[in-house]
Structure formats: structure tokens, C-alpha cells
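Lettered A, B, C and D in written order, each chain numbered from 1.
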Amino acid sequence: MTSSPVKIAASEAPDQPDSSPELEALYRGFEAELLVPLWTEIGDLMPAHPRSKALPHLWRWADLLPLAAESGRLVPVGRGGERRAIALANPGLGGRPFATPTLWAAIQYLNPGEDAPVHRHTQNAFRFVVEGEGVWTVVNGDPVAMRRGDFLPQAGWAWHGHQNATSEPMAWIDGLDIPFQYAVDASFFEFGPDAVDNTETPARSRSERLWGHPGLRPLTHLQPTPATPLLAYRWEHTDRALDDQLALEKEGVTATLGPGHAAVRFTNPTTGGDVMPTLRTEFHRLAPGTETATVSEVGSTVVQVFDGMGSVTVGEHSWSVERGDLFVVPSWQPLTVRSEGGLDLFRFSDTPVFEALNLNRRQEATR
Amino acid sequence: MTSSPVKIAASEAPDQPDSSPELEALYRGFEAELLVPLWTEIGDLMPAHPRSKALPHLWRWADLLPLAAESGRLVPVGRGGERRAIALANPGLGGRPFATPTLWAAIQYLNPGEDAPVHRHTQNAFRFVVEGEGVWTVVNGDPVAMRRGDFLPQAGWAWHGHQNATSEPMAWIDGLDIPFQYAVDASFFEFGPDAVDNTETPARSRSERLWGHPGLRPLTHLQPTPATPLLAYRWEHTDRALDDQLALEKEGVTATLGPGHAAVRFTNPTTGGDVMPTLRTEFHRLAPGTETATVSEVGSTVVQVFDGMGSVTVGEHSWSVERGDLFVVPSWQPLTVRSEGGLDLFRFSDTPVFEALNLNRRQEATR
Amino acid sequence: MTSSPVKIAASEAPDQPDSSPELEALYRGFEAELLVPLWTEIGDLMPAHPRSKALPHLWRWADLLPLAAESGRLVPVGRGGERRAIALANPGLGGRPFATPTLWAAIQYLNPGEDAPVHRHTQNAFRFVVEGEGVWTVVNGDPVAMRRGDFLPQAGWAWHGHQNATSEPMAWIDGLDIPFQYAVDASFFEFGPDAVDNTETPARSRSERLWGHPGLRPLTHLQPTPATPLLAYRWEHTDRALDDQLALEKEGVTATLGPGHAAVRFTNPTTGGDVMPTLRTEFHRLAPGTETATVSEVGSTVVQVFDGMGSVTVGEHSWSVERGDLFVVPSWQPLTVRSEGGLDLFRFSDTPVFEALNLNRRQEATR
Amino acid sequence: MTSSPVKIAASEAPDQPDSSPELEALYRGFEAELLVPLWTEIGDLMPAHPRSKALPHLWRWADLLPLAAESGRLVPVGRGGERRAIALANPGLGGRPFATPTLWAAIQYLNPGEDAPVHRHTQNAFRFVVEGEGVWTVVNGDPVAMRRGDFLPQAGWAWHGHQNATSEPMAWIDGLDIPFQYAVDASFFEFGPDAVDNTETPARSRSERLWGHPGLRPLTHLQPTPATPLLAYRWEHTDRALDDQLALEKEGVTATLGPGHAAVRFTNPTTGGDVMPTLRTEFHRLAPGTETATVSEVGSTVVQVFDGMGSVTVGEHSWSVERGDLFVVPSWQPLTVRSEGGLDLFRFSDTPVFEALNLNRRQEATR
């Protein structure tokens, strides 16, 4: 039991009776029978609006990368530990490796010539590359090159391993729904081969050759799939789409979220919806001097600065940010971003969970 | 931090390097920067199959009802505490009022003449009546009678209060998705009037008069709604549907889940799907001597015995059960039920969450 | 070729060149190569709004029923002709048995002891009973009683036959999408046994025992189906639903389409949508003295007066109507109905076709 | 009336009674009351499988283009006639400008400097360019360049005009659902300005800049739309996608419909489904020497040869085909295509209509 009857009656639930032997016996009866009254818990359980235990927090790339490199020197990668991934642990979540109550975000590091062994799990995952190149993620036997700016989704239950095929180490960001699946007891996991099963290093993956043509769908694959079959969203496309939006805005066409604020969502070409059932992923570009609207949303978000400099306010916290920095936005905390000389941001969130369950809400602050 | 580097290196993650000053410095660096390595946590976070912290457990109606009645004598119901509801607290979940990691189940009790004040919340809810009558739930101003065997869904964000309009106390079961919305930070709550705003006591609610005719939809309400607009599923319909299935089975028509096992799902007439986005609710009838298949499912379930006697096995636990008893089935724990002289069961689960997110799995044991 | 070049150039397409040998040679070239210019046809093909060749028309029950009875005396029913059904032939549609360009409506007649042989077809169908009883429609082996006021849907490709199990003849209305499937070349047909394969005469069909309980779904049938599995929508439910709406209206609850205008749609309990993919079916009740709004809709409608008296205006046609009378409303023709002492109407339309293809439009006249 | 009672009784419906004065009176009664018996019509109305009045037919580009050019010399384009479009008139459809019972296909021709005036209509449309360039289609004010190999969809009710901004004439193919909307009375039409309202000639349209990036969706446009917002599917993407499929096939990856048969469907990026609610559009590439499976489908198809040479069999008709040739495949007629030195085909069909209404069927002949 986390709370005693006396404390509760006195403080949280109004109009409770004074303590008495009978009342104390009642509460002892609850404890004995594994029961807890609502009236002592409702304030915590049913707040007026989401009041996350997670806190806004910033991790600096300048701190993360050296620790990852040192791990590369000291800690092997292989079967059992599976990945040299180091996760953000939100200061409000008791030391668990959870960026937010639903989202996992980690820096992963692979030395030249190293393999991360093949496995699969129900967790949806992706990789995002803020710098470097040289690793191929092999998904169901399809090697997918990873390069700066690329977004690489990884549907739940797909076999996958990683291989560094170059002479340089490489680091990138992994995002998954581990905390969500952990909280709701949905996780399955299976080991595959200890080394990746296809060591080719093609510039374009099979999935891109099948699915990477805008608006064109192979007739061999006509059913909608819960997750995207396209395994790489390349930087040259993302970059050009964002530039196009800003140029269209200058021509007077509705193409940006607000003045100077271009944004694309990565989508599943078989449905037009999010790339994976639990994860939303987007790229935002703020022209120099742009400030976004201040928005609160149900669900949590992780943002990585891809390029540029700016400042960020999440609830009552504010930080200056630059390339590689990562910050989290807990549920319903208002977020505002300001660019200095231009700012490119990658963001992911659990919003599809709430949309699927009719629990999403969004509120824009009036300036 | 929940785990120290030494313990981890020694036990959980295989092939870890021996402890060394450099390695300890690395782990201290992780702690300082609020980072946690995957390789020390993967066994807990990513099990081969769901391994819930929740435990199978049984609560007996014979224990619950007297405690509820004593609460009725000692604890007032009113604004602030909101409801005289006493929740099942799963022994694996740290004393929180959570029947499972996602589901809330409570007995609620209202004295003659009492009101439970009006409020609304994003949590989806329902009431199920195992015995008694005399309370009207007032939903958005529509008074809905509650009687033995009735199932009364309550969509998130609907205003509602309860009123006991008789001279007898009444108890019933509340089911909600409180733990789920708490885990993912989705809860909103708002107070309404202190007393119910419509004290009429009609036999049929407005919602039943609009929506309670099989296959008929009012032309004023043609859009699908996320939750059912029908506020009462009456026992006479459920009872007859189950009897019909068992009779059809005898005529050789496919109508039962297995020999002697009739079952209906409560559905939203605007979609044919579950009554609410996060909750599945069903009624099962086992003819005398029937044993169900042994089934494991992702997600958790709460069952209340409505009538009859039988026995239940959940994982490694077995109990005899009778009217009013409640038990929980954590994720992926196999469930088998056996009826003696006939057994009627009400069950609810979080399965719609997993179906919406492509995370559902089901496995039937081969006998 | 329906049109000659000279006529066209002179009349329909403005600003056409004067006739000349070169121009006439061009048009002869079109004819020789099986080509037709748009500019001579656009006025007919692409009108400002739908301009149906079908005409508003009324068929009186007092005329239909004696001809059906005389057919019962003179014309056998059996394999080849399949049904003693006599179809409404819209006066604008060249003598074809098409009530509208998409809808078939016919009176069917069965003598005591007669069978209509078993067959199946892709056409969606239903029966509606304006008077009498005693025939069982046997659908996939399930005998379904037919009684005054009942609506009996019949999904495409279901085996079905009819049997008159009484000593009285019976007549009813068949509605199908024959003209639509004929126009778009979608029809398949297959013969079954020459006599119905189940001669039982139960009061409730199997389908009603499985599906006729409001909001309850058998766990053996959880997938959505394109057409309703419920084979009879009984008059007592329809009648009560309409009465409930009018009573709720008096209590100030939004339940009617307009003052005194109650209406229900027959729906598929597996989806909440229309009973069949191409057919919408509804029942309307107008309280004494009620006049409906004047509404134009894309698509065509057939209405049968079930009870009462009133008057109807379709475009520029007006009629007094009474029990059993049938009238058609071509696409986009405005419809107004007035009840005298109360009027009950059954109506069906092709609206689901247009909704599925984003072609539906609806316009309500301002009074 | 199309048929007399005597003829019917004698020939079509089996087991009909001999003619008699009473029977003839009955049939006269039917005629007088605008009724037609099913038993005389069922053979035509409800065939065992679709038996289209449309015939397989081939139109040669070598015949079409000169007639279009001569029209360009003799017939103006402007308000009233609207478009210099010359439609294929299926020899089985009574001289109407209908390629099939549901599909319109026409060659359109625009002289240097000419405009086709702005209008909109509910008909869904597209343009496909088999040769030439220089025209811009202006859709809701967005000028879209047209070049060989490009596919340009045009959702119903979008404003659009065309402008030839070069010194060469240009011809292309228009495909629409005119006959379908004509048959079901769904057509609306509205005139816009007499000249296109945006005479810019950009290489990329606004729609391509917003929507032409694979898997990327602008955050300003997150709702699914019934038709694609992407107004040009460029040849370089289609060509590359088909080449990629054939190369993947050689690597042993499932990417082609059959050996040597690459194919893509043009899709709506907001849904992953067909580009428009009534029209399916695809591009097929047959490697040298390839023969397709022989397939029958419900619904009709029009094919234009984009490049190469080959032969085609539709039902009992066979033709050699080359660049620009157009042929039609009526419902349920089996189609086989053989390439000689390689064959590129553009095809469109009405299949989405049948899929939306649960009427689609497909049958592949066993060789």
C-alpha cells in the first residue's frame, strides 16, 4: 500500500470522516483483501489534465557521443546484450531507461567491422542518423545503407541486424516503443543468427527499389500493411521537400505550418498514415528567426536537433540547442521552438496510440 | 538507477567484460548523464513473451460486499472523493488500485437516497450489475436504470452521476481503463454539478429508445462514434442470445465457440466493433460440464462470475468460483474455465488497444 | 451513330464552323473509325446537374395486385423463369424492367404450396411485405418467415428460394440492384435445387437467433461482412423504434428528422452501415399533418406506402397515395411528402453506390 | 416494350403456358400498367457471367492522330464544345462515345497557343501522354507540365483548363468515367473562365513540390482525400520503378507479377489506394518474349501501347499492336498480352467501383 488511511483522510479527499477505530478497521480490511478505495487516490489517478511523472529534459550530443565511443572501446556487442545502445533515462521515471513513459531513445555505436546480431521483437523501431555513415541495417535480409539525415523505420517483428562495413565507427539514434509495450505487457522477442545474413552493401535497398517511387505501388504488394514497407527515407528527399515548402510559402501557397515553419511526416505508402502503429515521425525546418506556435499535445515527444541552432521551451524549462542535442516533451507540456540561423529538427512521438484510441487532444496557446 | 554496473556485468548480460576502473568510470558517466545501457536491461525489457508483473488473483464477492457495505456506513460519498468505489489492487502491482497494468475494477456502493456527483473524464468506463437494482446512472442527462445482469457502458468524456432512487442500498462493479490512461498520461477530468441533474426513474433510457432496436439506426445519428451510444445492454437480451446459441448448437448450427460454450460480445451499433476504444466486454455461458479451450492472449482480462459454479485455472493458479467472484488474467497467462452445473461469466479486457496497434496475439493450447 | 455532323454543328455546340466538304469528310472519318467528338455530345453527357432519362412515376397497388394474382392463375413458377415477379418499368427507360437506371422493383406472387426454385446471383436483393404472410424465404438453408411489415435483406451470392407453406397466396415486393449490375456488367448467376432444401417453418430464423439481439455479437462471427447477416428485420421492432422517436420528440429530445418525421435505417450489425453494398433501405413515419423537407439527392429512390394516406410531389408530378402504392424518384428530382392521417413509408435507394465513390450530393430546398 | 408476350412464351422462358386469350390479356395488362415480367427477361438480365454488350476493339494511333490533327485544322476549341476531344465509340454500344459501358477514352488535340477553357465536373479524369509535350494543364490554378510518359490525374470537381504554351501542336489521351456517371445519373458540371487563369509554365507543379517526395507528407495536409493530390506522375519515376522490378526479379526477389512482367499502380499518397474513386490506372512492362497470364476480371479496361510491339488477345479477338494503339477489354473477357522486343502498356479500368461494392471477381486461366 502506498498510502495510509490517516494521511489520506486528512489531506487529499475532502469531507472525509475523522479517524475512528471502526474506520481504521475498514481500511485494514481493504489492505487485507487487496483493495484500495478510489476516494484516496482519485487526485493522482484522475487529474484535471495529464500530469506526467516524466520531466522535460535535455541531453547534449557533446556528452552522449564520447560516452558511446568509450563504450565502443570497453564493451563488446554480441548475443545476449544484443546492441551497444545507451538509452536516455528520464529523471522523473525512477532510473529506468525510458525517455518518456512510452518512448525509448538511445544512441547506438558500432565499431568498424562489427556486427550487431540478428533478432526480432514486437517493438516498433527506427534509426535516425545525425552524422556519419557506413553501417548497413539488414532487415529481413535486405541491407539498407545509413547516411546522415536518413530515417530508417523498422516494423515490429522484422528480423534485423546491423553491420559496420567501413573503417570508421558510426553512431546513430534508435527510437522504439519499448516503455509502452513494457507497460502494457505486449513484448515478444526472438533470437536470429549471430551475424547479419546478408553482407552486401548496396547504395539502394530492395525496399527502396520496390517502394521508393512517389505514388507508385508494385502490383505484387497491394494489401495495406500496418507498418511501412519502405525501409529508408533518404535525406535528399526530406531536404528537398522542406525547401519546396518554404519556397511555395514565398509564392503565397499554403504549404507551411506557419510562417517559416516547414514540416513533413514520414508515412506508410500503403495507407498514407504513420510509418508504424505506435510511432509518429516528422522532420521540421524553421527558417532563420522563426518561432513556432506553442502547442500542448496528449502523449510524449522526443526531438533531436539535426542542424542549426536555436532555443526551446518545454513547460517551465528552456535550453539553447545545437546539432545532435535531444530533448523530451512530456504529455501536455507546452512546446515552443525558436530558430536562430535556421533549425532542422527530427521528432518522434507516440501520438498514433492516442489517435487510434480516441484519446488525442491538442491545444495551441494564443499568443 | 535501479541497477549497479557490477551486478549487471556479473549476472544478466552475457559476455560482459570484467569490472575495471575504466568500466566503472563509464557506468558512472552513464549515471551522471541520465543514461542506461540496453545490455543491462534487455532481459527485463524485452522478454521472449509477455511476463507481466501482475499476478493471477481471485477476489471473493463474499469478502468484497461486506467491506463495501461497511464503507457505506462509515464513508460519505460526495464531491472530491466522487465515488464510493473500492478497487481491486493486484498483488504484483505495488499496492496501486490496478487490477492489471491497464484495467481498473471496483465495487461501488450507494445507499438509499444517495447521489454520486456528476463529473466526466477521458477514462472509458462501464458498470455491470451482479445483483440488486434501484440505481439510475445519469449520462449526459439521460437516466439509465441498473438491474441484475445489465451491462452499462460509459464512454470517455460523457457527463455522469448516479442516484439511488430506492430504499435499498445497491452495489455493482465498475470497470475502467484508469491504469492504462495513467501509464500513458492521457487523463483529463472535469467536475459537474454536485447532484444528478435528472432525477427521473424511467424503465427505459432515451438511449435505449433511440438505439435499442436490433439493426435499426435513427436517421438523426448516422456518423460512426468511437464509443457506443447505447447506454444499457439488458439482461433479457443477453440471456436470450446465449440460450439461442446453445439451442442452435444442438440443431447442428455453428453458433458456439466450442461445445457448450456460448458467448456474445457487447458492440457499438454504429460500427459493429467494441463498445469503447480501449475496452472489450463479453458474456460467456458454459453449459453444465463444459471446459473451455486453454487460451493465452496479449493483454489482460478481468472476469466476474455472474451465476453458477465452476473452477478456473490461470497460469499456475486454480480456484473454485461462484456468484460475484472476480479474478484477473495477466497478459499471456493461459486461462481455462470449467463449469459444474452451468456457469455464466462477464469478462472485460484491454484487447482493443492491441488490435488497434497491431500487437494482438492469441494462442490456443493443444489438449 | 446517334447524331449527324450537320445537325450538331448547327444546334448544340456553339461557335462551330459552317458545314463544308472538308468538315463533312472529317465527320465521316470519325464514323469510319468508330469515333465521336465530345463537342457534339457534351450537352447530353455532362449536364449542369443530373438529368435522368427516368421519369417520376406512380404504380398503384390496386392495379398491381390483381395482375399478380392473374399471373398466379396463368403462369407457372419454376426453373428457367425462376420467379413469378413482375417488375416496374419506368416510362423513360425504353420498356426495360427498370424502376430507375439502377434499381429493380417488382411484385412477387406465390400460390399456396408453391416453391420458387433455389438460385444465387451477385445482385443484392430484399423483400418487403406490405400485406399477408405465409411464405418462408430459405437463405443458405435458413427458413425465414415473411409477415406484414417485415424487411428481409438478401446479400448477393446467397443461395435462396421461397416456399408458400400455407393455404393462401402471398404477394410482396422484391427490390434488387439488377439495372445497376446490368449497366456495369457485373452479374453472375447460378442455379441451385429446383425446390427449397429446408421446408421447416420456424417463427424465428437461425439468423435472427444469432444476430437479432441489440448490440450483441456472437463470438463465432467477428469479422465485418459486406452485407448484413441478419435476414429479417421484424415489424414489431421497426414500429416500436418509430413510435419511440415520436415520443422522444415530444419530450424535447433530438430524435426525428424534423417535426413529426421519424425515420430508421436498416443497418448491417457487423459495420453499422447499410444492409448491402449497393442498397440503402429505410422506414419513415410521418405523424398526421406532417410535411417533409423538400430534398434532392444524387441517385434514385423507390418508395412504397406501407400504411396511411398522403400526397407526394416528385419534381413536377404530384399524387395522392395509399397503402401499397409505389413511386420512383429519379436522381436529383426534389421529393416532398405530406401525410394526412399519418403515413408510413418504406424506401430504398442506390445511395451507398454514390457514397462509396464520393459522388453523393444532397440539397434541401429552402421553404 | 422491347418484347412481345408471344415471342417470349415461345422461346426464352422454358415451360411457359401456350398462348391463350387470357394470357395475351395478362401481357397487355402488364404493358398498360408499365410492368414487365421477370420470366421473359431473366436470361438477358441475369446471365451466368457478365456478357457485356461492349465488344473487344482496337483503335490504331496511326488512324487517330491524323483525324485529331485535321480537327485541329477545322474545328475550333472554346466555350460550349469545351475540348477538342474525340472519343472511342465501342461498336457494341450503339454509336455512343463510350469506350466501354463505364469508361471514356479520347484523343485530345491542342494547337500552338490554344487554350481549352476552364470548367469542372464530377467526372474523374486523367491525361496520359504517349508522345509530345508543351501543354500545361492548369488544375485549381496550378499549371502542370505534360510530357511523354506522364500520367496526370484530375479529381472530380477540380477546376481545370489546358494551355499549349509552345509552337507545336500536342495530342494526348483523356480517360474519364463519363459513361458510368451518365448511366447512374451522377453528373454535375460548371463553367469557369474562358481562358486558363495561370499561364506560368513551370517544370514542376505546386502539387509535385508538395506531394512528389516518396513517403513524405506535408503537415498542412493530413486528412485522407478521395482522390490523389499529386497531379503528375512523371515518366522518369515510372520507368525507373519498372526497371527496378525487372532487376530485382533477376536477383531472385519477388517484385514482378510473373516472369518478365513488371507493373506499378498509380496511387493516392493520402490513402495508398487508387488515384481516383472510380478509376484504376497502371503501367505494365513486358520484357522481350514475355507472355502474361490470361486473366478475366469484372469490369472493363482500356489499354494504350506506350512503347514497343507485341500482340494481344481479348476474348476471341487478336491483334498486333504498336505505339499509341488503344484497345478495350469488356467485362469478364479474358486478356493475354505478348511482347516481342519489349512492350510498355498504360492501362485503366473501373475496378475500384467493383471493389468498393463487393462485386469484383478475377479469374486466371490455367495454361
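Criterion: a contact is a pair of C-beta atoms (placed from the backbone, for glycine too) under 8 Å apart; a residue touches a chain by one contact, two chains touch by 3 or more.
All values reported here derive from a predicted model rather than from experimental measurement.
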item	value
Each chain counted as touching chain B and chain C at once	none
Separation of mean Cα positions, chain D and chain C [Å, integer]	29
Centre distance in Å when chain B and chain D are each reduced to the mean of their C-alpha atoms	52
Distance from the mean Cα position of chain D to that of chain A, given in whole angstrom	44
Multi-chain contact residues (two or more partners), chain D	none
Arrangement of touching chains [line / ring / star / complete / other]	ring
Full enumeration of touching chain pairs	A-B, A-D, B-C, C-D
In the complex, chain B residues that touch chain C	206, 209-220, 222, 224, 228, 230, 233, 237-238, 240-241, 244-245, 247-248, 251, 253-257, 263-272, 275, 282
List of chain B residues in touch with chain A within their complex	1-2, 13-17, 20, 22-23, 26, 29-30, 33-42, 45-52, 54, 57, 59, 63-64, 67, 70-71, 74-76, 78-91, 94-97, 101-102, 106, 121-123, 156, 178, 180-190, 226-227, 277-278, 298-300, 330-332, 350, 352-354, 356-359, 361
